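The same chain A turns up in both complexes below, where it pairs with chain B and then with chain C.
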Partner chain A sequence: MEQGRIGNLQFTVLAGLFTIGDTVLFVPALIASEALKDAWLSAILALLVGLGIIVFYTVLQRKFPAMTLVEILRQLLGSRVGGFVSLLYVFGFLLLIASTLLREVGDFMETQILPNTPIHVVYMLFLVIVVRAVRGGIETIGRTAEISAPWVMLMLMLLILFVLPESRIARVEPVLYGGIKPVVRGSIIFIAVPFLELAAMYMIFPYVESAERIRRNFLVGCAIGGVLLCLVTFLSLTTFGAVMTKDAIYPSYLLAKKIQLGEFLQRIEALMAIIWLFSIYFKLTTCFYGICLGTAQAMGLKEYKPLAFPMAMILIVFSDLIAPNIIAFFAINQVYVLATGTFAIALPLFLLLVARFRGSALGGKSGG
Partner chain B sequence: MTTQQRAPLDHSLHRNLTVIRKAIGTSGDIIIREFQAGRSGEVPAAIIYADGLADANAIQSMVLRPLMLADMPLGIGQIPLASRAKEHIVYIGDVEEITDLESLYKAFLTGNSVLLFEGDQTALSLDTKGWKERSVDEPSTQNVIRGPKEAFTETLKTNIGLLRRRIKSTTMQVEYKTVGRLTQTDLAIVYMDGIVADEVLNEVRHRLSLIDIDAIFESGNIEEFIQEEQLTYFPTVFNTERPDVVAAGLVEGRVAIIVDGTPFVLLVPALFIQFLQSPDDYYQRADIGSILRTLRLVALFIAMLAPAAFIAITSFHQEMLPSSLLISIAASRSGVPFPVFVEALIMEITFELLREAGLRMPKAIGQAISIVGALVLGEAAVQAGLVSPGMVIIVSLTAITTFVIPYSSLAVPIRLLRFSLMGLAAMFGLYGIFVGLTYVILHLNTLRSFGVPYLKPYAPFIMADQKDGVWFRAPIWKMLKRPLSLVNRNQTRQRPPVPKPSGKE
Partner chain C sequence: MWGVLASFGAGLLFAGYELPRLLRAQRKKEAVIFLMFLAIGITLCVLHALAVPLPSPYQWLEVIYGPLAERIFAMLQ
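On to the complex of A and B.
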């Protein structure tokens, strides 16, 4: 169904951009609301746990290197049950992530940059490039990520560099004032948002050129993204202090507003928004690719590309339905870890067990 | 020309000439000269050539004179006269024997002269081509500061000669082909044996063989036939009138397609970065070349984005401008009756019109156009309060930067994209520009040129090829390998050690 292959570098870049994704935009606020001044410790903790989860993902991938999660499900559970669970994964997990992402783009544009533009126009415009990418196939997505990644990196580095003079270590002192518990609680949402969502990458594993190097590249990509996220969290805390960080909806956008270089380079936050527009774009595209490919594979269709356009229309509706307003939208985060954990941890674990019990009969390693 | 119905020639000269005269009809430019060959005039013969294509002097002194003064006994019907004449009598280098009418017509229509003898079924095609042609001149479009000043001409042979002068190796192969049922246009596929990738070469041959059309007048016609993706602004076939660029391309493993009748030679596979690399990047020092390339990349972005960014910032993101600049822009726009997008559109379209007019104008009037353009664009429009001075600056900037792009086949899509991006910027500000640019990148990533991804070596990223990229050129002695983007065998360009001054550590 998918003829294209992406290189190792492209996969690494895609993993990194997926990790940065929407996380960079609002997660510092979410952690800070739990862990306050120690949010940066939560971020580091989450990164360490997250890398462990990445290794866990690749265990299943190594068992079935030539299959997407949907194909694994269909092979292990049969086409009927497997197909049903696959659709749950596609519509309960991937579509959930995709619609929250689209909603975030819409909300962000609506509140910060384009207050007079109807939100659905913002959705549609964003989906034009998402659908175009998916119709181009995995190769197009990979190559575009490869070309855009240096720019995202550069901008993020500039952001960090320009804001550095504003940051004061005193704002995060004393360390561990509230004890260890808030730190752990704060890290949960950070584990859920990029790292549990990374289970969406199951849909592109078989299309990476060298399957045996996936674990390494996956770890490298996510580690780079994770470290940058930790830096942004730390900077928000040391620049604004815990209270302002947790009350801000988009702390890193607030950071970008702080940039001032000489008399002329100031208020370039609209330009800096390109960072998360790009990273959200690639995260959404990866998920959306998984949705189209997963649906096609679960239903036994021959081609996934024709699904892109109808799925995009469904996605617009879902983004509307997911929450009535931005406050309710952020309330989702309380249960988000359970929702994503079901598919990111429980499902692969279950599949590993099934593969173990039915193992030799199916010849798991040879895959499909 | 169809191969099935090759009518053979007759023994009788008279009957042959009757058939030929009938085919020629009323065309006065085809000259049939009957004469008696041999010193004593024993053999009736005829020579046919096209006036204006064949060199009449050569025919007189190299063919007619020796034939008429020939000493040798020429007996009708006993010995093959044509081959005797070919071997002993005529003073022409390239002589071919022909036996059918079709090749006979083709011979004199391409400038050869055809020699017929009484009693011989074989005729001779003598290479007496000698029409008026433009001499090898300086390139008219792709100029360089340092580098060869020669450009291709309209004649296929001259063009191949220009390439041979640069690559004196037997591995440079030239394959001839004819396309166009009526025009019978000659074209040559040129490549370096042992360097070119077989898939590319076979693909070129295959795509050319599929062309079946009545007329081919320019390499642009061929380009449209052989390009992969039709629905794109971007060129996936490279064209140049510079022999040095073609020679360099051949040595890198590309295939050149030279079409008779045009100085523009095609080069495939074509990568996006090629259109931003000027030949003098390689003839100047590496650091200067790199800086110029970076400058060109900046120019590309300005040419594409300047009006769009101006529209986006002035209508959506005013906070990005320092207050003093914002105030002066607002003050200069205070009398302008249009929104900034309309203002930009008017100015850009005016400029495009002037540009087009300047191209088509007779040279003598060109001056007048530039004066009118400068006055209309610069002075009058501002004084009349139709546009703001800021917009004039932006439009002039895009105009200048468009001409920095060395190959016009890339400048055209950039000009077109400028307008789409202006529209997006007017509706959605920087978000619109983001979406537009991402769409362009996505589109470029779906393109291929003869199987090679268009954005190579950036996507897919190839580290080794970064030494000759879009913003950087390594010193020549660092380029040890041919571009990995193109060739998959015989990659070695040079072998270390590189030359260093002797006697120094």
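On to the complex of A and C.
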């Protein structure tokens, strides 16, 4: 169905962009609301656990290097049960992430940059390029990621460098004042938002050039993204203090507004918005690709591209339905952690067990 | 009203774009599934444009995971 292949570097870059995704925009606020001054410790803890989760993902990938998660499901559980579980994965997991992402773009543009534009116009404009990329196939997505990633990196570096003079370590002292529990609570959200969602990458694993190098490249991409996220969190805390970070909806946008070099370089926050508009774009494209490809594979179709337009219509409605307003939108985290965990941890674990018990029955086929 | 018209217009546009190619290539199953999802999409868009209250996906998640989530996070308080 998918003839294209993406290179190892493209995959690494895509993993990094996926990790940065929407996390960079609002997760500092979310973890600061739990862990306050120790949010940066939560971020580091989450990064360590997250890298472990990445290794876990590749265990299943190594067992079935030539299959997407949907194909694995259909082989192990049969086309009926497997197809049904696949649709749950596609609509309960990928569509959930995708509609959350689209909603975030809409909310951000609506509140910060285009206040008078109807939110659906923002949705549609964003979806046009997403649908275009998905219809282009995985190669298009990979190459676009390769071209855009340096800009995201450059902007993130500039953001970090320019804000550095404003930061004061004293704002995060004393360390661990509230004990370890708030740190763990904060890190759970951070683990869910990029690292559990990364299970969406199961849909593109088989299309990467060399399957045996996926683990290394996946780790490198996610580690780079994760370290940058930790830096942004730390900078928000040391620049604004814990209270302002947790009350700001978009702390990194606030950081970008802080940038001021002399009299001539200021108000460049719209330029800095490139960071998360690009990274959210690639995260959404990857998920949307997974939705179309996954549905097509689950139903045994020969091509997935025709599904892109109808799915885009469904996605727009879901993005609106997710939460009535932005406050309710931020209150759904705890449930979100468990919902993504079911598909990111429990499902692959279950498949590994099934593969072990059925290993002999499937014979050589289990190698994919 | 505009939302309803736009939903039907977009649906027609998509169908006109995809269907001839699918039918010419003898992809009957693909065409059927495409129409099915297009129908779901148009229905959702029209209902949403008419401000019919639709259930939020998070309400279902809340029902399924809510009690467990409360218990887990209560352990960390």
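Heads up, the rule we're going with is that the second predicted complex is superposed on the first by the 362 of 368 C-alpha atoms of A that agree within 3 Å, B and C clash if a C-alpha of one lies under 4 Å from a C-alpha of the other, contacts with A are read in each partner's own complex, and residues count from 1 in each chain.
As a working rule, a residue touches a chain if its C-beta (ideal position, glycine included) is under 8 Å from a C-beta of that chain, and two chains touch if they have at least 3 such contacts.
In this text the structure is predicted, and so the values were computed from the model without any measurement.
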Message = Under the stated touch criterion, which partner chain does A:125 make contact with: chain B (first), chain C (second), both, or neither?
response = first
Request  = Name the contact category of A:7: first (chain B only), second (chain C only), both, or neither.
outcome  = first
Ask   = Where does A:171 make contact in the superposed view: on chain B (first), on chain C (second), on both, or on neither?
value = neither
Message = After the superposition on A, what does A:313 contact: first (chain B), second (chain C), both or neither?
response = second
Inquiry  = Looking at A:96 after the superposition, I want to know if it touches chain B, chain C, both of them or none. Which is it: first, second, both, neither?
reply    = second
Query = Touching A:335, do we find chain B (first), chain C (second), both, or neither?
reply = second
Message = Let me test your reading of the model: by the given contact rule, A:273 touches which partner, first (chain B), second (chain C), both or neither?
response = first
Request  = Flag every residue of chain A that touches chain C in the complex, lowest number first.
outcome  = 95-96, 99, 181, 184-185, 188, 295-296, 299-303, 306-307, 309-314, 316-318, 320-324, 332, 334-339
Remark   = The residues of chain B that touch chain A in their complex are 316-317, 319-320, 322, 325, 428-432, 434-435, 438-439, 441-443, 445-446, 453, 455, 458-461
Remark   = chain C residues touching chain A in their complex are 7, 10-11, 14, 17-18, 22, 27, 29-31, 33-34, 37-38, 40-42, 44-45, 48, 54-58, 61-62, 64-66, 68-70, 72-73, 76-77
Inquiry  = If we count contacts the way the header does, which residues on chain A are in touch with chain B in the complex?
reply    = 7, 9-10, 109, 113-114, 117, 121-122, 125-126, 128-129, 132-133, 136, 139-140, 142-144, 146-148, 263-264, 266-268, 270-271, 273-274, 277-278, 281
